[in-house]
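Consider the two complexes below, in which subunit A is the common component and subunit B and subunit C are the respective partners.
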Partner chain A sequence: MPAAYFVIVGKEDCPLYELEFTAQGRKEDQSQLKQFILHASLDVVEELQWGSKELFLKSVDKFNNFSISAYLTAGYVRFLILFDGERKSDDSIKQFFTEVHELWVKIQLNPFYELNATIDSPSFESKIKQLVNRYL
Partner chain B sequence: MSNPAKQRTEVAASTLELLHSEMVEYTTNDSKYSSHKEKAYTVLEDMGFKVGIRLGERLTRDKGRFADNLDTIKFICKDFWSECFKKNVDNLKTNHKGTYVLHDSKFTYLTRLSLSTPEETANAAKNHVVFSCGIIRGCLSSLGVEAFVTAEINALPSVLFKVIEISRQ
Partner chain C sequence: MFKRSDPPTPTNASSPSKSVMTILDQPLSRGKKEVSLSSFSFLFSEIVQYHQGRINTYPELEQKLAETGQNVGLRIYELCVFRDKNSKREHKISTQLNFITSVVWKTLYGKVADSLEKMEEQYMIYESMPLESRYISLGRNVTNLHCSYFTAGVIKGVLQAACFPATVTVAMTSNKEYTVFVVSFDRSVIERELQINK
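Moving on, here comes the complex of A and B:
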């Protein structure tokens, strides 16, 4: 699987969920840089969100070799993914985001889930990993 | 959640009405709140708010984002109202400065409400719209519109919901 960093950012600009994938065998020493780039790209996402009514805003930012794709829900929650080097097609990224959106709505519907809190559920994590394996 | 229509589990609508009237009874008759009805209303409205947020997220799953607040209110009047109350809002008025009035001539929770005298019924009706005000406020909040929602009952069972946007100046 390609090196990627996936984050769900809530309405108050706080990260609710983060997941990092590394290509096999490589030591990951750039995690902080990736986080920093993703947070910087939130500004770009905010600019773009007023211009389009679409949920999926394809590639929003590029930095050196990293490219960032974003997806926005109706409740202004952002799903961001940062790719290191090779990127899959827009379609498969879009499908990945749509499935994550479904999982996200299911988590929200849980009455014990405090809104805008981090998502700790291990089943959510395993499902996201399955989706990454399938689409990315 | 992506089930085709025939696999959707359905629940009798009357159970929701019964649950709702029991909720109203439970909160307004609780001895903690007997002296201050406003506290009971706050609890009810808060319950509605949390439900509304989740409903808002769930119902806008497949639709794109809304261009402006008027579109959001229109969505509330059509899709959201038919999901929650099985009908559309009958009339929508706005002053284009952040206030919207939604008029529903046959509000679901009030159609079957009846006490011994009309005055008592009118009094009791006020309790039964608080939860729905909370649901509307929650749904709006999850779609990015912060607002106050109040209800006015002039003639049962018609209700006027007033949505006043909180503008941050």
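Moving on, here comes the complex of A and C:
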């Protein structure tokens, strides 16, 4: 499983959910750098989102060894993944994003979920981890 | 519409590992679920009465209904786009409004809106009998209250989610046959539209 950092960013550029995976046995000391790079890539995503109608934006940014893939929902909520080094094929990333999209729609249909608030549900977290193991 | 998510049901109380169904486990249905009109009308009348106790003027009541509708619109938009497999993010006003009058209307009310017209810079959606107002009777002295502000709020919520900030107001045609939802987009949206059309 490659090292990756998955984040869901709301419309107001606030992170709603973050999850980090590391390759086995490696100490993770670059979390802040990864967050910084992901935040910077939001600018690139914003430029691209007005050019294309697609939901899946594929690889949007590169920094040193990190590459970032992005996916937009209709409500302009962004799913971003930062890969450290190797990354999976576009297809499996797209399937991962589509499944996360479905989970996201279910979460925000809940009237008790305040829009643009962080997602705290433990079942959401376990489902995301299952999806990561399956597709990434 | 107004699908209530079922409370978590443990599968078998005697089994050692109790599995609880959450909203995330239930599949997003293909959209064939229906709610009876009477339960919806009952719920809507309770919503109106709830707000009536908290306002002083009719415009405030319309505002409260619009806010309720906005909440619905924001959330239902994501669901509609997700279900509609071929749809993408729309950038043009006309395609976005067409999406609202067809797909969103169908999801919420089971039919498409009667018509969509454009006059100068305003867009108007015509509906002969908005579902929520069907069983609402206004008092003798009340002439300017439109409970369809709920639907106006839904439209506004959908547009807001899609990055088309707009104000939506309700009017009646002169012969009282149609309810008109007048959509006026913000300056930024109109400029963006001009850019796209160039």
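One rule holds in what follows: the second predicted complex is superposed on the first by the 136 of 136 C-alpha atoms of A that agree within 3 Å, B and C clash if a C-alpha of one lies under 4 Å from a C-alpha of the other, contacts with A are read in each partner's own complex, and residues count from 1 in each chain.
Methods note: a residue touches a chain if its C-beta (ideal position, glycine included) is under 8 Å from a C-beta of that chain, and two chains touch if they have at least 3 such contacts.
Values in this document were obtained by computation on a predicted structure and should not be read as measured data.
Chemist: Report clash or fit for the pair subunit B and subunit C bound to subunit A in the combined superposed model.
Modeler: They clash.
Chemist: More subunit A residues touched by subunit B or by subunit C?
Modeler: C
Chemist: Looking at the overlay, what does A:Lys106 touch: subunit B (first), subunit C (second), both, or neither?
Modeler: In the superposed model, A:Lys106 contacts both subunit B and subunit C.
Chemist: Quick check on the superposed pair: does A:Leu115 touch subunit B, subunit C, both, or neither? Answer first, second, both or neither.
Modeler: After superposing on A, A:Leu115 lies in contact with both subunit B and subunit C.
Chemist: Return first, second, both or neither, reflecting whether A:Leu72 touches subunit B, subunit C, both chains, or no partner chain.
Modeler: both
Chemist: Once the complexes are superposed, what residues of subunit A are shared between the subunit B interface and the subunit C interface?
Modeler: 49, 53-55, 72-76, 101-102, 104-106, 108-109, 111, 115
Chemist: With touch defined as at the start, can you tell me which subunit A residues reach subunit C in the complex?
Modeler: 49-50, 53-55, 72-76, 101-111, 115, 121, 123-124, 127
Chemist: Please output the residues of subunit C touching subunit A within their complex, sorted ascending.
Modeler: Interface residues on the subunit C side: 3, 5, 22-26, 28, 71, 74-75, 77-79, 81-82, 87-91, 161-163.
Chemist: Applying the document's contact rule, which stretches of subunit A touch subunit B when the two form their complex?
Modeler: Subunit A reaches subunit B through residues 49, 53-55, 72-76, 101-102, 104-106, 108-109, 111, 115.
Chemist: Considering the complex alone, what residue numbers of subunit B touch subunit A?
Modeler: 1-2, 50, 53-54, 56-58, 60-61, 63-67, 142-144
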